[in-house]
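Here subunit A shows up in two complexes: once beside subunit B, once beside subunit C.
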Partner chain A sequence: MRRLGPSDIEALATGAWILGTGGGGSPYHALLELRRLLAQGAEIRVLDPAALADDDLVAVVSIQGAPLVIQERLVDSRLIARAVRVMEEHLGRRFRAVMPVEIGGMNGLQPLLAAAHLGIPAVDADAMGRAFPEAQMTTFAVGALSPAPLSTVDPRGNEAVVTRVADWPWMERLSRRICTEFGSIAATCKAPRTGAEVKRWAIAGTTSRAIALGRAVHAARAAHADPIAAVLAAERGRRLFAGKIVEVERRTTTGFLRGRAEVEGLGEDRGARLALAFQNEWTLAARDGEPCAMTPELICVLDSDSGEAIGTETVRYGQRVTVIVLPAAEIFLTERGLAHVGPRAFGHDLDFRSAFAA
Partner chain B sequence: MRRIGIDVGGTNTDAVLIEAGRLLRSVKAPTTEDVTGGIVAALQRLAPGPGVDAVMIGTTHFVNAVVQRRHLARVGGLRIGAPATVSLPAFTDWPEDLRAAVDGGFWAVAGGHDYDGRAFLPLDRAAVEAAGLEMRARGLRAVAVTALFSPLTGEHEREAAEILGRILPDAAITCSHEVGGIGLLERENGALLNAALVPLAAATVRRFEAAIAALGIAAPLYLTQNDGTVTDARRAARFPVFSFACGPTNSMRGAAWLSGLRDAVVVDVGGTTADFGHLRGGFPREANAVVQVGGVRTLFRMPDLVSIGLGGGSLVDAATGEVGPRSVGYRLTSEALVFGGETLTATDVAVAAGLVALGDAARVRDLPPDLPERVMARIRARIEEHVDRVKTAAGDVTLIAVGGGAFLVPDRLAGVARVLRVPHGDCANAVGAAIAQVSGEVDQIYQGLSREQAIAAARRLAEARAEAAGAAPGTLSLVEAEDMPVAYLPGNAMRVRVKVVGDIAAA
Partner chain C sequence: MRRLGPSDIEALATGAWILGTGGGGSPYHALLELRRLLAQGAEIRVLDPAALADDDLVAVVSIQGAPLVIQERLVDSRLIARAVRVMEEHLGRRFRAVMPVEIGGMNGLQPLLAAAHLGIPAVDADAMGRAFPEAQMTTFAVGALSPAPLSTVDPRGNEAVVTRVADWPWMERLSRRICTEFGSIAATCKAPRTGAEVKRWAIAGTTSRAIALGRAVHAARAAHADPIAAVLAAERGRRLFAGKIVEVERRTTTGFLRGRAEVEGLGEDRGARLALAFQNEWTLAARDGEPCAMTPELICVLDSDSGEAIGTETVRYGQRVTVIVLPAAEIFLTERGLAHVGPRAFGHDLDFRSAFAA
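Let's look at the complex of A and B:
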């Protein structure tokens, strides 16, 4: 068990935003709330998944919602804690710990807040190792674990439990519908997982990984060193391309932000172009028409000077960016994994090829 | 139409006189601590004569008050949206010194709306009243009211302001929907800053009016705003935050008017910094992201500018050829080599390179012979890089160079088709103030209409607002129309934002 302090949460916010690979929502509000809780003396504890007993129960939590609504309603972490209580009431059992469904973006921080309110630790693991847009894009779905039950709450006292669904896409449909009625934002506690399931299927150590990543960036900035080199070293990533954004195209379709961006090479990439596609997160990078990185590997677009991650919602013409790729969790590289989160799951008619293949 | 435009800058107060689309005169006077003294001196030099129709002043006095944490009132923050949103109270993430000066307490009550315009919860009027009584007990004279989704419907903010107004009849009450859009914390920050500045703004506007009247100018006073338009003095005193970025905006609008161009990149080179911006349709392109003011995150619609530490007073390192960001600033005329000083500045290098004739050129004759070329190459590279950063598309642009240090801009630049210099370019911001128009804006949700019908309805409303603000009906034109579909709503709902501008109607 590890207790997080002020510098850990600052690093976590930076690291989680990078692991969001362009999506996942900005961790800014969650960071403000974490600072407040810490200042008030709250304990934020992180638990190694190996320390879970097989029959321990873990609450997998997240905030679901439209970015526009989150900007107004903000997010109250006590609601996530309430969603966990609702699930406990439904199951008639208590949870040993909470766990993020995705480490990328704001949902990488929210569970820590909920855990502090509940007085239990957060498991140092998640089910994506990054951010993905849909419920079936998790290691738990790849492992064919049960998608139900799910509890979801709003701040007015409305609470719902989805007790059974036919499959993961049905859970996505039903929970989205409830979320819309709640005002397009909801705190959810997803299908509970046993300690055994977490140890078998979750991606271990991702909170620590995000903290280490953020620390590397902060240290490089403080030393006036190259923060991108620090990211690559911390994550064993690869630099793909450096240049300037020269084109951005966005469209909102069926609840997702889709589009593309073009980077014109600078420095050693001068004369070349990199095309990026996104669906909430970056999904594909192609150098002069040749795919060079693709989902589920993490394509990250970083500000060339600060190393700060640039989101698909805010990327714009003229930004100087460095595009890098970080390795994906092994489980997503299996045939079953690629069926859930490979390039075809995002409409790219391509066989997966690793950016790290020799 | 005979108009006076005034720009109150950090160093100089510039004034210009414009009549029937022609610039008659431009003058400069040193800015004074009280601001008014500089204005009076400039107006005396300008000697506008009788028949002035309007005086338009651009001032950064209010944003400076925030930056310097001076003359700020203590503000009570009322949030309408409980039990949601309260995990992050008002003044969260403010710099400690600013918070200490402005934070008068935080009250959260139930109410507000959802994204679809339905009430989130009914407004808790009794709680608003209780908050008002506590504010009165604390002696607060300024309040900011912020409700959940108030940009879609300001109903609960208005209702709460009315209740508070009865309890605190002398208080300055700012409703957040009047100062910002979606983004609760940032909009609330804007409302808090505005409320903190209202007492200063009211006093400043009164002093401006007194100064003008004392000089026998019987014309209405307008203040320029972030978007390049003006508002009458009374409204300006209620919304000082809208003048925060008027300086650079005026200079870009002035550059457009002086050059006759409506689409171009503008660089305003002063003594310490160079500001780069993009003109589109005669107005600066606005930033669409969070803007920090005095360390506080806000969502004000401000021109999208890139500022770098490069100006006529920038220090030059003779060994490395490095320029700026440190500058001698307003001491240029005493410290630069050509003016008899001992400091090597960008102006000295420009004189040595033969780009401008200023001061005593003999004093820079002994500089290392390759220095001017090396320094100018560096300046060129930085200007090229930043012109490119503010471009919105690939391709060469026209660059309008204004400001007292415009001579530092080379005639040939990569990515630039031509560099344009204009007469009176050193007073571009006073010109921008003098030519400013009146605007009317609408930002609301329409349902059950086609896109064209919704925009037309919004446009009619915007035109009515512009006329109410003093615009001449025949002169109104559409400068912005934007529609965004709102998801999950029946009846083809869309959020429409429209802005029209027109000339000030003759008195």
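Let's look at the complex of A and C:
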């Protein structure tokens, strides 16, 4: 068990936003809440998944919805705690810990807030190693664990439990419909996981990894070094493209933020263009029409000077950006993994090709 | 407690279809299932609400959705029994009896089937005295009883419980969204009611009333008398219009069947036209542009020869129909009742005016 301090949460916000690969929501408001809770003496505790007993019960949480809406309707972290309580009432059992479904963006921070409200730790692990937009895009789904039950709540006092589903896509359909009716944002507690399931299927250490990544960026900034080089070194990534955002198309539809953006090359990329597609997260990058990076590998759009991540809801004309790609968790590169999160899962008619292939 | 026999269920199907005021779904398939269950020796038992203990728990059930879809996707009555079981699992308590939320149409018969599957009786009462399309259009909602929880299931094995809502319209919105995602049809168990609540707020005796109405129609047919006159006598109704259906506009949208139909006058109504609006049920009748009957009073479109009801999903060009109006339950004529089920609740910009006013 480890207690997080002020510098940890600052680093976590920077690192999780990069790992969000455009989605997961901006962590800024969650960071403000974490700062306040820490200042008030709250304990933010992180638990190594290896320390879980096999029959411990872990609440897997996230804010579901369209990132743009999350910017407009601030999330009270007590709402996620409420989603966990609704699940406890449904199960008639208490949780040992909380866990983020995705380390990316705000959803890498919110579980810490919920855990603090509930007086339990957050597990140092997630089920994506990044952010993905849909329910079945998790290691748990790839592992064919049960998709149900799921609790979902909104700030008006509306609460529901999806108690059983035919399959993972049905969980996505049903929970997304409820989320859309709530206003395209909902606090959710996904199917509870046992300690054994977390140890077998979760991606361990991703909160620590996001903190380390954020620290590397902060250290580079403090040393007037290149923060993007620091990201690439920390995550064994590849630089794809640098330029200026010249086009953004964005629509909030069926509970998602979808669209595309275009980058006009600068420096060594002058004369070229990079097209980016997104569904909450960046899903495909194509240089002059040729796909050069794709899901499940992490396409990250960073501010060229600060290395700060830019989200699909905050990308805008004129930003100077550097686009990089980071490796995906190995489980997602298997045949079953790619069926859940490969390019075809996002409607791109492409076989997966790694940006790290020779 | 009373056991229903073969002639009871035949009469119930005819009577409930008339009281459905165009909606509640055609009872034909439910009748076929009831016939089979009876032939197999199942007990169909009806319980007087006065026989309920105050703390008995009653499951209030219906098939929710668009009547046209219900014609296309047959309902297995075990699905409603499953919705009741999901609610029992959620509550951790067993039900004493089942009750229809609406006596109108198929939904007046399905609860008897579910009750037979579950081995418990059906209460001789409902919460509408007819059929209405939305969750908050019940005596329970007018009485400001709790709208939650509600369980909803589909034949694929998808199941959800709406555990809490801000108010009745939110229950309608959320449950309708889930229903729409299920394919515009769902088996639902509404908020459980205590025996005390049923005795205070339900409309008592409506199953018996529907059976008596059906018997009156069957007796008139057997005697070569006018079945429509028999309906008017049994329910103290008024004849509005007779003619031929000459126009039907129908769309299945947001979980409802909506549209309008036009009747061209015949006989003493020759030269006049009657326009009918519907949202699952007939909501408004206007003669040559002048409203002459409206919700919550029961507008019933009957086959001019047989007195058989015609539903909003079965009305079609060329049918010879007689349109009648039957009185509404008194609770719906109060100011609070009209707020829930008056013409404005269906988007008609009209003050309620009774078709029985002098």
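Assume the second predicted complex is superposed on the first by the 330 of 358 C-alpha atoms of A that agree within 3 Å, B and C clash if a C-alpha of one lies under 4 Å from a C-alpha of the other, contacts with A are read in each partner's own complex, and residues count from 1 in each chain.
Criterion: contacts are C-beta pairs under 8 Å (C-beta built on N, C-alpha and C of every residue); 3 or more make two chains touch, one makes a residue touch a chain.
Small disclaimer: the values here were computed from a predicted structure and weren't measured.
Chemist: Touch test for A:Ala160: subunit B only (first), subunit C only (second), both, or neither?
Modeler: In the superposition, A:Ala160 contacts subunit C only.
Chemist: Between subunit B and subunit C, whom does A:Ala328 touch in the aligned arrangement: first, second, both, or neither?
Modeler: In the superposition, A:Ala328 contacts neither subunit B nor subunit C.
Chemist: Looking at A:His90 after the superposition, I want to know if it touches subunit B, subunit C, both of them or none. Which is it: first, second, both, neither?
Modeler: second
Chemist: Tell me which partner A:Arg78 touches in the superposition: subunit B (first), subunit C (second), both or neither.
Modeler: Only subunit B; A:Arg78 stays clear of subunit C.
Chemist: Now for A:Trp170: first (subunit B), second (subunit C), both, or neither, which partner does it touch?
Modeler: second
Chemist: So in the superposed three-chain picture, is A:Tyr317 touching just subunit B, just subunit C, both, or none of them (first/second/both/neither)?
Modeler: After superposition on chain A, A:Tyr317 lies in contact with subunit B alone.
Chemist: Touch check for A:Ala275: first (subunit B), second (subunit C), both, or neither?
Modeler: In the superposition, A:Ala275 touches no partner, neither subunit B nor subunit C.
Chemist: Go through the superposed model and pick first if A:Ile211 touches only subunit B, second if only subunit C, both, or neither.
Modeler: It touches nothing on subunit B or subunit C.
Chemist: Is A:Thr180 touching anything from subunit B or subunit C once the two structures are fitted on A? First, second, both or neither.
Modeler: both
Chemist: Which subunit A residues contact subunit B in one complex and subunit C in the other?
Modeler: The overlap between the subunit B and subunit C interfaces on subunit A comprises residues 156, 180.
Chemist: How about subunit B: which of its residues touch subunit A in the complex?
Modeler: Where subunit B meets subunit A, its residues are 81, 83-88, 92-93, 114-115, 120-121, 148-149, 182-185, 289, 388-394, 485, 487-488.
Chemist: Which residues, counting only subunit C, touch subunit A once they are in their complex?
Modeler: 86, 89-90, 92, 151, 156-166, 170, 173-174, 177-178, 180-181
Chemist: Help me check something: in the complex, which residues belonging to subunit A touch subunit B?
Modeler: That would be residues 29, 32-33, 36, 66, 68-69, 71-78, 155-156, 180, 183-184, 244, 246, 252, 255, 264, 314, 317-318 of subunit A.
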